[in-house]
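Below, each structure is written out as structure tokens.
Shared between the two complexes below is subunit A, which has subunit B as its partner in the first and subunit C in the second.
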Partner chain A sequence: MALLSVRNLQTHFFTEAGVVPAVDDVSFAVDRGEVLSIVGESGSGKSVACLSILGLVPDPPGRIVGGEILFRSQDGHEPEDLLEVSKRRLQQIRGDRIAMVFQDPMTSLNPYLTVGTQLVEVLAVHQGLTGTAARRQVVEMLGEVGLPAPERRLRDYPHQLSGGMCQRVMIAMALLCQPDVLIADEPTTALDVTIQAQILALIDERKRSMGLAVLLITHDLGVVAKMADRVAVMVAGQIVEQGSVDAVFRRPQHPYTVALQRSIPRIDDPPGRCALAAIEGLPPATGALPSGCPFHPRCDLAMPECAERRPADREFEMTLDGHITQHRVACHLEDLGGTEKRSTDSLDEEPAGG
Partner chain B sequence: MAEPLLEVTDLAVHFPVQRGLLRRQVGTVKAVDGVSFSLAAGRTFGLVGESGSGKSTTARAILRLVEITAGRVQLAGQDLGQLRGSALRRARRNMQMIFQDPYASLDPRMTLLDIIAEPLRTHGVVAGRSEATAKVIELMEQVGLPRAYLRRFPHELSGGQRQRVGIARAVALRPKLVVADEPVSALDMSIRAQIINLLNELQDTLGIAYLLIAHDLAVVRHSCDEIGVMYLGRIVERATAGRLFAEPSHPYTQALLAAVPVPDPVAERRRGHVVLTGEPPSAQAPPAGCAFHTRCPHVHKACETKRPALQKRSPGHWVACHLETAP
Partner chain C sequence: MTSPAEPTPHRPQSRGSERAALVDAEAIGDLEQIGGGHSLWSDAFRRLKKNRAALVSAAILGAMLLGCIVVPELSQWDYAKADLELGPTPPSAGHWMGTDYLGRDLMVRVFFGGRISFAVGMIATLVSFVIGVTWGGIAGYFGKRIDGLMMRLVDVMYTFPFLIMVILLQVFFANKDGALHELFKSSIRPFVQDASAPSWFPIFQICFIFAALGSISWLTMARIVRGQVIALREQPFVEAARSIGVGHWAIVFRHLLPNSLGPIIVYTTLTIPAIMLTEAFLSFLGLGTQEPLASWGLLTAGGAETMAIYPWLLIFPALMLAITLFCFNFLGDGLRDALDPRMRKD
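Here is the complex of A and B:
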């Protein structure tokens, strides 16, 4: 079993206007030394799914109404269900074994406390480490994440640092206790591309050298292609496609994944201006989710049944460059083919890259 | 080429740094320091660079939203820096702006009708209420908003729809120049293509020239005829879009392009990992010589003392780097 596996998670928001299924029967898993990227538009539920793991969904109005979140804190031990453990146990795990980095580093740090105070506090809470020993460890970690002159930075307040430096501090804070899992919610969206490249390289290095498992939430398909081993694509609270990064980019099976990739301009496009293949229409509004498949109102290939019935997940094996990967897609279209396990050989005959 | 619509010559914008109770000036931030480029009618010029490079300040100075310290901005042969009062107001009909944040740039208490009609009324283009309404409906159709939205408020709209309202307001006066400052970066990825296509369509039908500011290099490449790369208040490389991406010549441009991930896992694995280290230096104390020399992988002696001038590399391609002139 994987290090962290989320099964049939349902997180609903109970509002005056009704119940909003922000996360609606979502399953994914991430293992040691692996990056799982969750891709989706704003409101697709990708952030709520990750907040659910750490018990950080604001209640009320949010509540986890179903599913399980299995986490194996030590190899060989039985996994714990984070939805069942005590508050105290969850607090022990959060920040220590599973750490999180948020999108906006400027608002995630406490403006009243120095960087040093905030970092030392993490060690004091989780490892009972204080004084010079804690400070030494903090300085070491700040150096590792590439913050220049880390000794001096300890006395700085967040406003004295740039956005890129604040994000390095946030990542240092997340990595201080050498967690098993890092949940990174749009960690580089607020940063310039050159700083983004540095932060991503840092996370990638930790994955390779320490076996860090990473849940990377992003809307940038470039970042996904660079970082992810596997990808889950979310639309309106549901995962519509999940598979290896190569499969999702080179053999996308869901019409949404296909349309999304076609719509974005690329830096390596052939020169010259032409109309982009935009996805027409709007993402579904939360509180007014479509019936059936969440993508059917915008889907070029929609059939009558797409509006009536939510497509079930189909799992199958896909062969890519001689490797077999597990793939999961929720779309009625392929259902019409009938066979549960499809022949994959024909897929490889298509020219790669398109 | 015909007379350019917009001609920017040695533009500089300096801000005083003040300290203490008496607001004593203790320094100067040279946000924009000697920027020159020109833009023909109906074309698009893109400005790219990291935050703090001065690209937004350049745009604001062109629109006279911040005061120009030195240099000249000419729109259709008119020196904008010399204009005052009603003459400046008249000139503003020809230059409009689209903002980044469609949530913050629309008055939440005004209906779409009032928002889009406001520039028409301010500049006395429409006479009565019915004429204004007819004109607004025409504009809404042009930007792809249903006319049923006429009396709705911004909060009833999605981000993409709000940006359409901002665009309708910007093109209402049929301006010759529209400055678009990060017009799609606040939008969802599936909506970005719609808005980029809309901006390009409007350019084709109305002949608008765009000054496009964006940090997303793929968007810039897709929409621009010519691109200027800014670093600490200066343009370090300027070229046609095709040439800039095919032959990036300034080490900063190369680093910037290398840092943009490509949505293709196979191509990503093949790419070299040239990670530009460090952060841009402070604009208040820029390095001597070439401002990029503190982060440049090809730095040599001359770079630390002598600032390289923007020099022609080939027709339509200008670079400010000592490597270009070295034997």
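Here is the complex of A and C:
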């Protein structure tokens, strides 16, 4: 079994306008030395899914109403269900076994405490380590994440650092206790491109050298292509497609994934094709999620069935370059869902409405 | 030819390395404080030292406090002993601030009154800091039912008409035979020889005023802090702190409350004068400090009655009160700036 596996997670928001299923029956798993990327448009529930893992969903209005989150903190031990463990145990796991990096590094650090104080706090909370020993470890970790002159940075306040430096501090904070899982919620969205590459390289290096499992939330498909081993595509609180990064990029099975890829401008596009292929319509409003398949109102291939019934997950093996990879897709278009038939091109020729 | 040119390239170099060495030494020195959670305060103190107005204010306040403690003890005059033959006299070599209508030395009375005024201000501030900040911080952070319960209690206390409350309590419970006086007597009995002596009654009355002022001083503070904390708890850094496993109490006291220090301090600097003035008002009504004890409020109120004839009776206590309030405001301003790391100019 995987290091961390989320099964049938349901996180609902109970608002005055009604119940919003922000995460609706979502399952995924991530193992040591693996990067699972969750992609999806804004409001698709990818952040909420990850906050649910650490029990950080704001309550009210959010509440986890179903599913299980199995985490194996030590090899050979029985996995714990993070939804069942005590608050105390969850607090021990946070930051120690499962750490998180947030989108905006500038606001994720307390403006009133020095960087050093905040980093030492992690060690104080989890290992009871303070004083010189803690500082030494902090300085070492800051050096490892590539912060120049780490000793001097300790006494700086967050506003004295650049965004990239802050994100390095956040990553150092997350990695201080050598966690098993790193949840990175759009870790590079707020950074410029060169810093972005450095931060991603840092995470990638940790994955390779320490066997860190990474849950990478992003809406940047370029980041996904560079970093991920496997990809899960989310639409309106549901995972519609999940598979290896090669399979999802080269043989997307779900119409949403196909559309998503077409909407990315390519540098080698023929010059005549200037208009971007945007996905028609708007993402569903959180208060009014469509019935059936969450993508059907915007889907070119929608059938009457799509509006009535939510498609079940279909799992199958896909052969790609001689490798067999597991793939999972939730779509009623069974006839297209074969192993080899479907590709971007074949979808282009498909008459609308299937 | 070469000798005059030689020092030029050297000087900036040596100065640069010197500065680098200085920074390093400073950095190493500060490392000692990191991890103890005191870095905010030590940094604030370092920044405060650069603020001249705040420093001067702190010095004046310190001198004033010292004067209040020392002057009545060292002076040859007594704050209570009347000299009816002397009567009111303007400032002179013997009585630097003059004497009042009973011939008592005004300077001793002013400094003696300062004890009570400072004590009232300090106690009210302490109460509003300890109870108000904690109360508001907890209510704001935990929210939901806890917040509702705690803040409704504050609302209820707000609705008590303070003055009527104090008068009623004074009349029914804080008179010589009242329950509160009995409570006071039994609580000081282990420490003093004669708890029933009439000389303790004025002290009891002052304690009663302390308690009354303390009980209202924290209400507004609780509301202000609660509002601050509610705004702050949605900040990403709180979520980030939670994600590294920091507990609720540590988040309230280490992360949220230090972030609300600005408004807390500003409000405190407003509280101290307001409380001193309230005490003056109560004393004026005969509910607080009673003759022959003195407070700045009482002296000012008394002086105002006769200011046309004996102006020094108003000028000196009012001057002391004004200087103190000025200094508290400057110090509060400086503290607020010093406690905000982003205000650093360098």
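Just so we're on the same page, the second predicted complex is superposed on the first by the 327 of 354 C-alpha atoms of A that agree within 3 Å, B and C clash if a C-alpha of one lies under 4 Å from a C-alpha of the other, contacts with A are read in each partner's own complex, and residues count from 1 in each chain.
Just so we're on the same page, contacts are C-beta pairs under 8 Å (C-beta built on N, C-alpha and C of every residue); 3 or more make two chains touch, one makes a residue touch a chain.
Everything numeric here is computed off the predicted structure, so don't read it as measured data.
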item	value
Partner chain(s) touched by A:Thr130 [first = subunit B, second = subunit C, both, neither]	second
Touched partner set for A:Met173, first subunit B, second subunit C, both or neither	second
Partner chain(s) touched by A:Ala302 [first = subunit B, second = subunit C, both, neither]	neither
Partner chain in contact with A:Val258 - subunit B first, subunit C second, else both or neither	neither
Contacts of A:Glu121 with subunit B and subunit C, given as first, second, both or neither	second
Touched partner set for A:Pro283, first subunit B, second subunit C, both or neither	first
Which of subunit B and subunit C A:Val85 touches, first, second, both or neither	neither
Which of subunit B and subunit C A:Leu333 touches, first, second, both or neither	neither
Residues of subunit A touched, compared between subunit B and subunit C (which is higher)	B
Contact footprint of subunit A on subunit B as seen in their complex	50-51, 158, 160-161, 188-194, 196-197, 200, 215, 217-219, 221-223, 241-242, 245-246, 255-268, 273, 275-279
Residue ranges of subunit A touching subunit C (in the complex, touch as defined)	54, 56, 60, 91-96, 99-100, 102-104, 107-114, 116-117, 120-122, 124-126, 130-131, 134-135, 151-152, 154-155, 157, 159, 170, 173-174
Residues on subunit C engaged by subunit A in the complex (per definition of touch)	23-24, 27-28, 30-31, 34-37, 39-40, 43, 144, 235-237, 239-247, 250, 254-255, 258-259, 261, 339-342, 344
Parts of subunit A lying in touch with subunit B, wherever the complex brings them together	41-42, 146, 148, 162-165, 192-198, 200-201, 219-226, 228, 245-246, 249-250, 259-261, 263-269, 271-273, 275-280, 282-283, 285, 298, 352-353
